[in-house]
């Protein structure tokens, strides 16, 4: 299970980082979102993988580590705020700069 | 009996989800993909409910409810986007 | 205190001209002279004490931790320089009174010169080396302002910058050197440093230290190759040239080396560096001076040459070389200042400084000629003149050099040759100006001799020069010898200046005189020869070098910082890979030993689908909408993962957030192109994939390592205290609103700020044209389908009820304020979609920004409530209450906190959505929504 | 837009609906205590205040009983329709005769139209795709369209007429 | 119960939230509220300096939960210093903005307060995840402030700034996940103990996490090769915002200090060694790049942005020698460079406003009005910036040289530092002479009105820099003690976790 | 509490609901994957998946209503919600398809004018 989880994270991260390195704002935002999925899952994994035991007092004998869950929750919310912000900013930049290249210039180039 | 049925049902729903993903992947039109995603959401509600049944904890219903709500909102948003070119106007 | 006054008089006096800017030049000069003369008199009053060998030290703490104290020191060496500075300074002020007659900028000049006098006095009177350095740098700065005095001339600006860069740069080096010196000596106080010579010279950094200090001294004293700034400093008004660039500032480097002589000198390194530099400077200066047509240029190069000469003497290391150096230093100041003044007068009288045009001035300015004959003769080193004596001392000392072997012959020959040149250029400046035929094409005609009164400063200096030449012993005994002793820090036998020298020095003088005269006689062919040499203009070189450096920096920097986000992100990723990778190489066992959990097919399937979906996003990313759908799928599967691994709260949150994010992205997408162009080359894609793969592999390896390691955590505390301490059974929620409520407060603050920021920067956004043309006139595309609006209205109250339910149960079951808030927001978003922005907006009970503010304030106020009971911020309280009729119920302050979360989330989400929607609909800047 | 704060319109725009919400609340929390009853009522009052502006028209359901009967029939039809559609799906695709047809409405209430369109979508082999407000017609897609007129007639008698009764 | 310790966070937070709630308040009132709050922060900063100066750690247990379970705020000398610096700088920037720039976009004052709350939170918290949260607050507020005033350049630079920082945040979470996964705690003091006591098999993983944090803070602090977002972002921001941003890079430096010296600093073979080793050459290279960039800048704001890079390079290179002396010297430099970078950004605006065209660009030869006053001010500010006497820069440079002289590697720092200073000198002297000395065109006569308020603020900032040198001794004494405090993490741990005192001493380095 | 505590009749009913639901949903998704054009594909999910999930939810409702005392109303809520919204989703998607001028499979009767 752990290996599968780790490999999935690896794939998510790889996809996220690859998209991050593209030249269009929208694609970069896709990449950021994937990356943040990966990171949230990673942070979540720091509490180890426990099935069928939500951290609710009295529900089960032992329970999953609640702290990483709370951290991830905070991270998700912050990530949401940031995504909303960056999406609108990308839109603003695209409208103002008349293209949606991440640099707002040389629109037909993949820049080093 | 239920303990036997649940995995079977889950498998059936999983196959259904796979079929949805197949449609999502091949399209051909974006509307097909939206439809596939909508169906996927609905099927995943069932999967969640079954998983909850299997655990016997009853903590995932809200999730099912929210998937239903969000699936609806998402589908409407995307359709509206295709229909009008925007979502809120 | 007296010592401080010596510096403070001119420093405060500098304010006087600034205060009386409108006064006449004469009055300004008087105002300026007052502090200068006061300082001079103070110095003179201390002369007897100091000449007898006393060292006066005054100290005041400033930054003792740094070793930087306001410590002043007056010994004979300092006094010698201080007298030069104040004495010549006073005369310069007098000279300037005539020079600036009728000029509007006189006040500025007087202020600057007095400031300069003060900081220059600071250099020579500092006991603390760091304190001295303060003044050192200040002289560079004031000199910068003085050189650029005529700032409307390009040459002046360039000259000023050049001097600042060279001397300022040298100052930086000196700072380094002095810090090293201080570390080696254990103090920056001269009294300590001068005693610690052995220790310093044995220090491991002695070589570096010496180099740095010499760099400072050489740049300031215009030693080759740093001499370049000095001739270009001649764009300064002539009083400045006379004062700073002949008599005082350029001597600061020499002063410093004399001062630090006991600490640094008498090593082989010292000898080689100082002597060779001095030799080179001496020769280069003398040679170039020969061929200068500009009066001030000639004087400047001659100054360079003389500075080299003194430097050479400082380097020699023979017993009396230092005395000779000091003596010549005074002589030079005395004869060079009047020569500059002369150049100034001639310049003003003729309107040019070109000696090819200025000829035969004896006719027009006989008095000036008579007065300048003396310093010119002294510069040439004619017998009976001060220069003659100092030159003989130089020749004498050059002959006394015994080691190294090459020096015994080379140095005497070298100085003789330099002497020859100096004779030649001395003759030249005198003869060329006053004789040599008739003036050619002068801009001012006829040249008029300045008033007799105006010639007073020259006369006084000429007189002094003459006096020194005739009775050198007076100067030597009262000033130079005590200074020499002070510099060497040991009592030394007296030295009779008048009778020194032997046949060999006489011969050398003779060769120099005769050779110089001969050289001048055949100057015609030589000039023609020189004219054929490629012209080297230091100013242009400097300017060119600067431009080059700037262009190069620009290229280098902008090759790196080229504004490409892709590049910056690549750099970041590579950095991560390298830094982390190096550490990870040391990991011995990735598998930490905890047995792996069993795999079940459904999970494998889900994981596989998650991977496929995310790969799908990559594959389809050129088609944006499909990619967005696939992104939604990944989000859905992440939700499933959270649900699978016992995190229902996370699953709920992730789901809501994911769909909202996708909706927001879709809103944005309607303004963006629907396709991304295929612009990456294959190698580029491969490269990025490799980087991404490394990062991904790292994350995978990391997480595998962690997942298989045994866990020790503080979480048991939360599980144990959640119910008794936090009053809730949903531990995650209790952590969020209680144990780590502070985090949550921060989190909603982020959300609120993000929303307000979106509001702020879309407020005035104009969407003149839409990127996509969607022709909504299609027969099917009515904006608000009846079915949708009807159902949406039905959903709203139910959704609100559900959100209240989720909110209230959150403390004990999965849920809470955040999720409830998102449900509410989604329900209202549906209204926007179904009824349109204007329709829905006008039906909202409140604007969104105050809702955000209120939410934050509710959360904070809940936290503050605990203050009333003497507990820290955010301390929670909960309890079971009983009301008649109602029965038992539970209340927790955490609920109130969660209410704040709820309000903020609703407000923030709706604010973002409404303003995004606004972009297309209302499309009127100034129209605020939310 | 907002009714006066003092008026009943503001505080209790839909009293029945408020009661419904309170009931739903009790069901949801699964706790019949007085505390929850009060809370449910409070929500039942508060939520309509917030949402009233979005739903200003009074509900026009005149007869609730026929509505229940209608819903029961609908449930049966849904089951039946699933069977029909399942069979169609499982059969080879070339046997399908899909088609569009336009259904002329007699209903004019938005809510009723929505209900009819939903019914059509949930029941045998039909999906309502578009409502034309001017012509008052529904565009319907049928998975297997044998006879257009028959399909229209079936909808009319089976669904639209009962709905007309409910909303008359 | 003394609640003063949490006020530096709550005061601006409440002010900001109230400004949102009462968004219809007249603008003047909003402005006044912002200024009052910031003034309050300055007073709190002074209180913090006095309190922390006594040498005791002061704790505040949010929610009354003990460490390491709850979030604990902790005030030591370094935090106090940063609080005071932030408040002072904030006050200057806000006053400047209040001369009119604050009106050029929505909610400037609320966002400004949030920014201050985020900064103060980052300086006070003793919890690593809470640090992340405050980082996000200060970042999101900074994104918003960066965009204040609108315009293409800001959108473009803002986009880069935001995306890069989002990547940074993701990395931060990775590091947090690793640390929590291996140690099971988040409190920095507790982490320090757990890290030091970790099994040897975990050491490379912890070191790797340390590296990730180095990258995260390196992005914030702007070290090579992570700094390229900075020049355009800073030069695009409106003047008071850019000036406030002068403290933003220092947050990264602060975090590096906290994490490297505390979290990874315990034990016989501390995990931080490798990070310091990387930091040293990177910081030197940063410093060198800054020097080159300063020379190659095409506008005064870009130049100032590169000056910020120089300052970061200097700071981190000095810090990475890790001795009490270098730490103290670096902190002095931090104060100086933050203040002067801010002053320079404001000055650039003041000058730019006076030019008919080109604003602060070097390539445009538009004359500057009010030459005398502005020229003198520029001259003094430039002296302070380059580090020439008698300003704070000189003292700090001398101190850095002294402190690093005994280190074998110190001379490298010397070379780069002094060269960079020379390049700065060249650059600013060029600028000054071409702006204030070159004869202007026809426009010279009609100078635009000079805002005396703005002028006074910049003058005050330069004067403060002078005072920093003039009255430097108490500051230096304070900083020396700060450095000592930083070098003894055991005391911090003992204050945070009294019961583990014995253990902390056991594993002391 | 385990499923074994339940009376077998109830178990049977729950199992039937779950199985039927899953089968119906599978058929719906099968239709989605197999049917030839968008409009025909729209039928599958609108009915089958809705009912399929509905059955599953009712099975769960019965299960948990027995496990925990009282009626578990949330499942009913989800079911009602699904039934209320599925037609709207289909309506919107159908409109989108019309708007995108998607044609039906060849042989479709009365294809809408493009």
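Labels for the chains are A, B, C, D, E and F, by order of writing; each one numbers its residues from 1.
The definition used in the following text is that contacts are C-beta pairs under 8 Å (C-beta built on N, C-alpha and C of every residue); 3 or more make two chains touch, one makes a residue touch a chain.
None of these values were measured; they are calculated from a predicted model.
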Third chains touching both chain E and chain B: A, C
Central chain of the complex, centres being mean CA coordinates: E
Selected pair, greater C-beta contact count between B-F and A-B: B-F
Mean-CA-position distance for chain C and chain A (Å): 40
For chain C paired with chain E, centre-to-centre distance based on mean C-alpha positions, whole Å: 17
Centre distance in Å when chain D and chain E are each reduced to the mean of their C-alpha atoms: 61
Length of the line joining the C-alpha centres of chain A and chain E, rounded to whole Å: 28
Residue numbers of chain F (touch at least two other chains): 28, 30, 42, 44, 50, 68, 72, 74, 77, 81, 84-88, 91-92, 95, 97-99
Chain C: positions in contact with at least two other chains: 563, 565, 567, 569, 644, 648, 669, 699, 702-703, 706-707, 711, 713-715, 718, 739-740, 743, 746-747, 750, 753-754, 757, 761, 780-781, 785, 787-788, 791, 795, 798, 802, 813-814, 916
Set of chain D residues in contact with two or more other chains: 24, 28, 117-118, 128, 130
Contact pairs between chains, per stated definition: A-B, A-C, A-E, B-C, B-F, C-D, C-E, C-F, D-F
Contact footprint of chain F on chain C as seen in their complex: 778, 780-781, 785, 787-788, 791, 794-795, 798, 802
Touch list for chain F against partner chain B, complex: 1-3, 6, 8, 11-12, 14-15, 18-19, 21-23, 25-26, 28-30, 32-33, 38, 41-42, 44-45, 49-50, 52-53, 56-57, 59-60, 63-64, 67-68, 72, 74-75, 77-78, 81-82, 85-86, 88-89, 92-93, 95-97, 99-100, 102
Chain B residues within the chain C interface of the complex: 10-11, 14, 17-18, 21, 24-25, 27, 30, 33-34, 37, 40-41, 44, 47-48, 51, 59-60, 62-63, 65-67, 69-74, 76-78, 80-81, 83-89
Chain F-touching residues of chain D, taken from the complex the two chains share: 24, 27-28, 30, 78-79, 81-82, 85-86, 88-90, 93, 96-101, 117-122, 125, 127-130, 139, 141, 143, 145, 148
Residue ranges of chain E touching chain A (in the complex, touch as defined): 129, 133, 136, 140, 143, 147, 151-152, 155-156, 158-160, 162-163, 166-167, 169-170, 173-174, 176-178, 180-181, 186
